[in-house]
Structure formats: structure tokens, C-alpha cells
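Two complexes are shown next, each including chain A; its partner changes from chain B in the first to chain C in the second.
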Partner chain A sequence: MIKPRIAIFDFACCEGCQLQIVNMEEELLSLLEHVQPVEWREAMSDQSDDYDIAIVEGSITREEDANRLREIRKRAKTLIALGACATLGGVNKLKNLFDLEEVKTAVYAESASLPILETATVQALHEVVDVDYRIEGCPIDAAELTYVIKCLLIGRAPAPPNYPVCVECKLAENVCRYDYDEICLGPITRAGCRARCPSNAFWCFGCRGPVDDPNVHAATQVMEQYGKTVEDLKVKLTLFGTQ
Partner chain B sequence: MGIKLVARARLDAWVDSLVQQQTVYGAQAKGDRFAFDRLERASALRLDYDVTILPPKKYFQPQREVIMRFNRKTVEFESVIDEEPFVLFGVHPYDMVAISQMDKVFTMNQFDKHYMARRANATIVVSSVETASSSVFAACMNNATMRGKSGHDVLITKLPSGHYVVDPRTEKGDNLCEGLAEAPEANAEALDAREKVLNQNEKSLRKYELRVLPEDLPALLDRSRSHPVWQEKAELCYSCGSCNFVCPTCYCFDVEDEMGWDMETGHRVRKWDGCMLVDFAAVAGGHNFRSKRSARYSHRYYRKGKYSWDTYGEISCVGCGRCITACTANIANPVEIFNTLAEAPQ
Partner chain C sequence: MSTAAPTIKTKTIDINVRHVTRLEGHGNIVVRAKDGVIEKNEWQVPEAPRFFEAMVRGRSFEDIQTVVSRICGICSVTHSFGALKAIEDAMDIKVSAQTSMLRLLTHYGEQLESHALHVGYLVAPDLLNQKSVVPLAASHEDLVKTVVAIHRVGNLVMEKIGGRKTHPIRLLPGGFSMLPSEADLRELMHELEDTIPRLETLAAAIADLAGGLPSFERETEYVALVNPPTYPFYEGQIGSTDLNTPTPVADFESVVNEYMHPQSTAKWCKWHRESYAVGALARYNLNADYLQPLAAGAAHSFGLKKGVCNPFLNNVAQVVECFQVVERSLQLIDVLLSTGITQERPRVSPKAGVGVGAVEAPRGILFHKYEFDEDGICTRANLCIPTNQNHANIQLDFEAFVPQIIDRDQDEVRHLMEMLVRSYDPCISCSTHYLNVEFV
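And now, the complex of A and B:
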């Protein structure tokens, strides 16, 4: 069997998702028996223009990034968005809530006007190019990456969960965060993280993005029953739900 | 062995010796709530629990279980059967009723050897309810006590005096209670006190009052297909399946193959699934039999109050009240729905 050539790229992000790949250890060695990495800045020095699968981390914040991404898209047969920055725009999209010039001055002070610091509205990968598969999460769960790669290797379409985090949370038999008077985004967020946060006594902040058809109407109505407001809900949604 | 009257210290000593000898799962505290978990010592056992987050069905049909190992290349496969005997300690009567129903379901059309192996390996100690949960309505469904019911191996009931009546009901139960041989027999007074506890439970385990008889639910549901309540409530439904997963009589599952890295060997896993989830009724070709939220929403009630009646002659809502608390949208109360349907003019 010819091993598919795989390349990993990153844009604006913390590289935490790639770190999850590095941390796979033994699982990573098994994976590498089936694919051939040809470019991966975090782990190797080679560069390549020829690959079958491109795994792309991070969000797009500059026109030159958008162009580089279009170039990657052209070369890759399959493009996988890795992590919340890539699939949703992630925390980087908080920038979109402010005026761009203000943001630049706040971050770079006097140097803000340097051309190299040019910045634009943050976009997720699918807002720039077609994305074949998404691996959600901030950070990703490495088990989901292995699942997707295995599917590609045996020629099956990966099917990420299209049900809310509550499913995995119930399977883990957690006490619901609503019992503690907290707002949890679990009911509208896509599962796949094994309910990581509620399993560790924290509400879900929606890092895996919404399910296909989230019942936002229900979420707003339900707030009142818990003595909360729609504003309270919106605040929780800002982190990973900013457009 | 006869019925025993057991002081708390002796009960604890007995449980402590049981956990030394075998695998015991018992009701224990989990945060502010309760869950069945592996019991390490008697002091962790909370027979005063109100309700566990998940029902004990997880020990017969685990959330995720490997049912087969296979080799794609040689086309060899072998079933995986769980052989370990275990004790389930402190099951409430409504959950025991549910287990007995699941026994029917898993043997009805096809004998499910994975489920039945665990079932045969289990010794079940039912505990009469000591604390009513905030949403239990088992009494409305005639499931507040074990009166007239079977399936359990031992019944233990705490008396107001603080002593326990331990009542072995089967040979397995007798064997389990061997360690209590020295305890005194329960006298007439103790048995009388037990009857009073059971009478009391039949009164108090109804935090909601069902205004129809359980046996009238099939007919009620039959004439209520176009009731506006389905649409109305469905608008608030997240399709999160919490009401399914916490239900002791929801048994739907999905089967999936997981491949090893050699790309030859793998295993088949069975996982919990629920009819409230969007993709539950989706079939190959992209068709979804219940793509509408309202169709999924009503299905659960039909399943509990009519379809189970039609297929195995029982109402499959046992009245545990778990779905009521588990639903973050507060729309999953079967009593509320059935009463609403009953109010409609016929």
C-alpha cells in the first residue's frame, strides 16, 4: 500500500492542537506506519509541495494567510481543519468584536502601523476554502484525529457526532452543571470530547461548536426557568460563538 | 434461610465481608447526588440514597461494550461474553421492575447472550426506598415496593427502629446471606413494621399524581396523536437524549466496528443510543423517519405508554422520575404529558 503523504500547517493559534498530536506518543508511532509526513514545522525540518492530506491548524487573520491557505487547498486532495481555531475561528474571533485599529493599537502600541503587523477580520478555514473534515475542540481530542485518519485509510467517510455534549455527559454519569445553578452550553454543543469539562466539574463553554441544528430557541427560553437572562447566555457564547 | 432482623453494625460487617470476596456494586454518593459504583467498603454504601443518576442497567448493558473481536483478512470472529459474577446492592424496586422488563426485551425475539450472561451472573439485593427523590412517582405506576413482584434475590428494608429486615428470596439470595446466619430471625413485630414501611412507600413515592390508570395509557395515547402538546413541548427540546439515557427501560443501542492499527483486526462495540437524538432514525440513503423534533419528542411517550404494552404487555415507564430531573429544558415529565392528554375532550 502506498502511504498517503500528509502535511501539517498552522496559522493563527496556540499550536495546542498540534501538541495533542505530539503527545499521542505510541499511537503516533502506529499512525506513522500508515502515513508519510512530508511537512510538519513543529516536528520536522522538511518542506514539501506535494501531499495527499493537509491538516491545518489555526485561523486566518491576514490576506497573505488566506492566499497560503488557498495554495494548500489546491495541492491537497483532502483538507482537514484541526481544532477550534481552524473550524470556528476559535478564541481569535474575539478580535472581531472590536474595531481593528483599536485592537492593533492595544496589542502593538506605537508599532501598530508597521506593514508587517497588518491584520484583518478573523476567519475560520471554511470561510476561505472548502474544508473536507473538521476535528473540533480547543484543544482537539487526539482519539478523534486517529478515528478520522483510520476512516480515510480504509476509505470510509468519518462521521463526527451530531448530538450534544449532554449525551456523553450522561454516559459519564456526571452531576449536571444546571444542578449547581451554572449555565452549561452542553445541550447545543457538538459532542466528541467525552464531556471533558462537565466530567471535571466545569460547565461546557462550547469549544466544539454547535450541533447541526442547535435549538437556540430552547436555550433562550430555558434561561428564564433557571433565573438567568438571554444576556447571560450570550456572554457564555462569546468565547467560541463569535462570528 | 429465613428472614433475618439485622442491626446496622452486623449489616456493615456482612457487606464488608462481601466486598472482600466478590465484586459488589452499590449506591454511593456522587457530588450532591448518587450513583452505582464499585463498592470498596460498607461505610460508602448509601442505602438512604434517593435516586441514582443512571439506573443499574449500566451493569447489564454497559454504555459501551465490546461484543465481538474480528479479523477482516482471515474472516475470523469471536463473541465477547462477560463472565464475572457480581452483586448489585441497593437497587430500588422501580429499577428492579425495569430490569425484569429488560430481561423480556433481551430474550423476546432474539436471545441476547451478552446481556443475559451478565444477568445470570448477577445477584441483586433490592432495598426498599428510604428517601423519596423529588420527582419519583413509582407509586402511581404500582412500582413503589416489591409486593407481588419478583426478579430480586434479596429484599432489605430499613425499619424505623434502625434495624434491617433482610429477606432472601432465591437460592442465590440464600447463599449471599450466609454471613448473616447468626442474626436473629425477624419476628412478627419486625415483619409488621416492614409492612408499615411498604404501605408508607406506596403513599409517599408519588411526587406527581398521574390522573389516569397505567393500564389506560395505551388507549389514551392511541387517541392523542394530533394533540398540540407534542409540537408545543418539542419546540423546547434540545434533542439531547438525556431523558433516554437515564431511563431504566431505554435500551436502544448502536453497533460500530473499530479497527486496530494493523487494519486487519478490530472489535465490534455496542453503545447506548436514544430515540431523541437527531440521527437515531436516520437510515442509509439519507432518509430520516423522525426528522421532526416533534415526532421524536412524542415517540418516547408512545414507547413508554403504548408500544411496550403492545409488544410485551407492560407499561415501560416505571416512575423513577429520572427523566424529569435530567431534562435541562424541564419538558420531559411523563406525568405532566399524560395528564395533559387526559384532559383533552374525547
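And now, the complex of A and C:
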């Protein structure tokens, strides 16, 4: 079998999702038997414009980055958005809640007008180009990436979960975070993380984005039952760019 | 120079490395030289700015750690601690001795993971003339497997105590959302014990290759946490090799003196000189007297002396620190297991205030400062990242180093400059909250 050529790119992000690829440890060595990495700036000095699969991390915050992403899209047969910054905009989208000029001045004061600090409204990848597959999460779980790559290798369409985190959280037999008087985004957030945060006694902050058709009615009921308001929920929704 | 043959007199060097590879983030190296005269020699940082200091405004103190951890995947634990310590300082929150020990253990896990990644995956290919670790997996299989095993254990520590390898879940203002079991701690103890012989293998391999590191030296100021008689990562005051007395953490803004430079979207820093350096070498130069026995032994076998000012040896100091954090982790686990884990979950009431947190990221000292209103809503933030503190020092290293190597072949000049940048283990996502290399 010919190994597909894979290139990994990053835009504005913490590079923590690429790190999860490194964190596959011994398993990464076996993955490399099935794919050929041709460009991966964080880990390799090799560079190539000839690749089959582009894995792209980060969100788009400048026109020059949007143009670079369009070039990547043109060259890649398959484009995978890696992690919350790429699929949703992630924490970067918190910037969109403020006036852009004010944000620059707040961080860089009188230097804010330097041309090098040009910045624009933050966009997830699909807001700029067509994205074929999404690996959700902040950070991603590498098992989901290997699942998608395995699917591509055998020519099958990946099927990400389309039910909320609450389902996995119940299976894990966790006590509901609302019982601790916390706001948890589990009722509307896409599962697949095995309810990682609630299983570590922390609320879900929605890093995987909403399910396709969130049961808003049920979520509202949960909020009412625990004396919370939809406004409370919306504040948390902005954390990872879900809304 | 006798080597200045006529062919070199007319040589043009034009190096423009956009986005230096094997770095966290984007940085450029730009060098232009004609007939041996250097016209341009710049370290540039064009990474997209992310504006975290502006973005955390309006967020509850309970969400700050979750947001700022995302400044950097590879130092997410350190950023979490910078924030938590600043919040606890602002709100007078005291943490238990158990919390401090478990945090320190998590922090040691991150140092081990990050140093193993940097030395083993990113620097080793330079020393073995390869473009990445991928071909090394075949040519130096045992060494790569050793590095992978060390890296895995660093991650395991973070996962077992922080709840995840990257972007810890359990770290809260005042303590932990969930505690490790004693079985978890025993598992970590066995894994860390097995790590010592692996570190000896790595140290022996690096010692064999360290002769290939350039012998470049430039005196500079080194800045790191100090807390005698310990080799601190998590607490202490700000030490400098140019001062005899430490500076309180609360005064960090008078240390970093951040300023914008047109070459960079990241801020630059200076204190007593035109630049200073942070990181493993800075920590070593300030605290080497307090190393644990195996770490001190490793430093001795490398011939690493206090006062060393060859930036390339930062990577050697990182190997020394791997021993240090494993030895200290084993001691901490021993104490935790002998006293037993006490179940405790923090309940914190917000209050208005300003607080500062200082911790050592694997790549140097990190400062977080926040201001909160009476509801615990963040109204102002100032973060100063280790890589920012190194940018001016990298530039001054360029200015001293390039004239020494400019008569060499262009590819060799580029390779050496990339190695120089890489030796700092820069984390540019952090520092622009950014990195990239350009030889023009």
C-alpha cells in the first residue's frame, strides 16, 4: 500500500493538539509505518508542497493566514481541522467579544499601531475554507485522530458521536455537576471525550462544540431545575467559541 | 584572517528562514552579508498575536486557569500555576501542604516531559545531522525508545495528578478538584524509579554528542527563581547573576521592563544589561549548589560549571534537570505515601485584589499578574512569558555569533543559527502569546 503523505500545519493556537500526536509515544512509531509525514514544522525540518492529507491546528486571525490556509486547501485532497481552535475558534474567539483596536491597545499600549500587530476577527477553519473532517476538543484526544486516519486508510467515512457529554458522563457514573451548584455544558456538548472533565470533578466547558441538534428544551429544563439561567450558560458558552 | 581567500571576499550570504522548524511557534532568522560585511542579522518573531491579557478581562477567577493554560500546550501546567498562584495571592487563599506537594509533583512531570521532548525529539536530530527524529527512529532505535519512555513518564505524572497530560483539569484556586489515589502514587513511584537508568542512557548519549555543540560564549545576565537551599521551580524570589540579593516576585515589572521591538510581535525584556536569559542554564547558574546527588553527578560528568555562558549548553542543563526533578519527585511521593492522602476540596470565596504568581516554565521564569473586583471578575492582566525574556538575548547572541561563523558555507551558517535559537527551547506560541527563522 502506498503511504498517504501527511502534512501538519498550525495557525494561532497553543500547539497542544500537535503535542497530543507526540504524546502518542510508542504508538506514534507504529502510526508512522502507515503514513508518511512530509511536513511538520514543530517536529521536522523537512518541507513539502506535495501532500494528500493536511492536518491543520489553530484558528485564523489575519488575512495572510487565511491566504496560507487557502493554499493548503488547494494542495490537500483531505483537510482535517485539529482541535477546538481549528473547529470552533477556541479560546481565541474570546477576542471577538471586544473591539479589535481596544484589544490591541490593552496588550500593546502605545505600540498597538505597529503594522506587525495586525489582527482581525478570529475564524474557525470552516469559516474560511471547506473542512473535510473535524477532530474536536481542547486538547484533542489522539485516539480520535488515529480513528479518522484509520478510516481514511481503509476508505471508510468516520462517524463522530452526535450525542451529548451527559450520555458518557452517566455511563461513567459521575454525580451531576449541577448537584454541586456548578454550570456544566455537558447537556449540549458533543461527546467523544468520555466525559473527561466531569470525570475529574470539573464542569464541562464545551471545548468540543455543540451536538448537531442540541436539545435546548432539555437543557433549559436542567437550568430551571437547578435555579440557573440561560444567561449563566451563555457566559460559559463563550469560553471556547461555541457561541 | 588567513582563510579569507578571494572566493570568500565576493561571497554573498542570504539567509531567510521563515518559520524555524522544530520549535514551538513561529520565528524567523534573517541574515544578509556581502563580501564578509554583515548587513542584516535579525531574530524576528511574526507569530499571530493572541491577546490573552485582553481576553481574560470579564472572566471569573474560576475560569482563568482554564483559559490561560491554552497560552501554551507544552507549558500548560506552568501557566495554570502562574494563574492559580496569582489568584491565591490576590484573594489571600492559603493552600494545604498536600496541595503544594502535589502541585510541585505535577510541575516536575511537566519539566521532565518538556525537557525530554526538547532534547530528545527537537535537538538530538541536530547533533546527529538529521532533519527530524523520524529517521532516528530507525538509525538510533534504542535512543529514541529511551526518550519516548522518559517523555511518557513525564506525561503520566501530569495525567495522574492533573487529570490530563496537557491542559490539566483538576487544578483549582485553593487546591484540586480531585486527588490521586495512593495506588496512582505508587504507580508513579515505580515508573519514576525506572526512569533513572533511562536518563543515564540519555545523558551518556548526549555526553557523546555534546562535543558537536559550538564553543560560543557570551556573558549575559541570568534570571531565575531562587529559594535557598532548594533548586526551585514553583516558589521563591527573583534571582539574578548580576545581583547578590533577590527581588520580591511582586516587583517583577521592574525586572522584565517589557518593550516592543519592530522585529517582533512578542515583547522584549531587559534588566541590568541590554538583555538577559532565562531557562535551564539560568536556573543552573543560580541554583547549582542545591542539586540532588544524581543531578549534581550528571552536571559533573558533563563538565558543566556554574557561571557557564554558552547558550548551546542550555540543552545539557536540561538533561541535568531531568535527574533533579525525578529525584525530587521520588522524595515527594515518599512523603505523600507515608502521611497518606487527605480528601479535601477547596471552597473559595472571591474578593477584590491584585496578585502576582511566579513559576519556572521548562523554558524559564514566568510571571502572571491579575486584578479582580469583589465578585472575582478579572479586570486587568499582565503576563510575562519566558521566551519574551529571551528574545533580546537571542538577538545579541546573533550579533556576537554570526561574525564568528560568517566565513562558513551558507547552509552551515543557517544550521548553526537554527541550533542557537533551538537551544533556548523557545516557545513562541507563549511569547506572542509567538516564532519563525529567516536568512535573507
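Heads up, the rule we're going with is that the second predicted complex is superposed on the first by the 235 of 243 C-alpha atoms of A that agree within 3 Å, B and C clash if a C-alpha of one lies under 4 Å from a C-alpha of the other, contacts with A are read in each partner's own complex, and residues count from 1 in each chain.
The criterion applied here is as follows: contacts are C-beta pairs under 8 Å (C-beta built on N, C-alpha and C of every residue); 3 or more make two chains touch, one makes a residue touch a chain.
Please read all numbers here as calculations on a predicted model, not as lab measurements.
Peer 1: Following the overlay on chain A, give me a clash-or-fit verdict for chain B and chain C.
Peer 2: Superposition result for chain B and chain C: fit.
Peer 1: Which partner does A:230 reach: the first (chain B), the second (chain C), both, or neither?
Peer 2: Neither: A:230 stays clear of chain B and chain C.
Peer 1: Taking the superposition as given, does A:202 touch the first partner, chain B, the second, chain C, both, or neither?
Peer 2: Only chain C is touched by A:202; chain B is not.
Peer 1: By residue count, which of the two partners contacts chain A more extensively, chain B or chain C?
Peer 2: The partner with more contacted residues on chain A is C.
Peer 1: In the overlaid three-chain picture, which partner chain does A:14 touch, first (chain B) or second (chain C), both, or neither?
Peer 2: It touches chain C, and chain B stays clear.
Peer 1: May I ask for the angle at the C-alpha centre of chain A between those of chain B and chain C, rounded to a multiple of 10 degrees?
Peer 2: Roughly 110 degrees separate the directions to chain B and chain C.
Peer 1: Just checking: does A:95 make contact with chain B only, chain C only, both, or neither of them? Give me first, second, both or neither.
Peer 2: In the superposition, A:95 contacts chain C only.
Peer 1: Just to confirm the value: shortest Cα separation between chain B and chain C in the superposed three-chain model, in whole Å.
Peer 2: Least C-alpha distance: 11 Å.
Peer 1: After overlaying the two complexes on chain A, where does the chain B footprint on chain A coincide with the chain C footprint?
Peer 2: The answer is residues 201 of chain A.
Peer 1: Spell out the part of chain B that touches chain A in their complex, as residue ranges.
Peer 2: Touching chain A from chain B are residues 30-33, 35, 53-54, 58, 63-64, 235-242, 245-246, 259, 261, 263, 272, 274, 277-279, 293, 326, 328-330.
Peer 1: How about chain C: which of its residues touch chain A in the complex?
Peer 2: It comes out as residues 19, 21-25, 46-51, 53-59, 63, 66-67, 70-74, 76, 117, 121-122, 125, 131-134, 137, 144-145, 148-149, 151-152, 155, 163-167, 169-170, 172, 177-178, 260, 262, 264-265, 267, 345, 418, 429-430.
Peer 1: Of all residues in chain A, which touch chain B in the complex?
Peer 2: 30-31, 33-34, 150, 153-154, 162-164, 166-167, 170-171, 173-176, 178-180, 184, 186-188, 201, 211-215, 217-219, 221-222, 225
Peer 1: Inside the complex, what are the residues of chain A that reach chain C?
Peer 2: Those residues of chain A that touch chain C are 11-20, 22-23, 25-26, 29, 32, 37, 40-47, 61-62, 65, 90-92, 94-95, 97-98, 102-104, 106-108, 111, 114, 116-117, 119, 138-139, 196-197, 200-202, 205, 236, 239.
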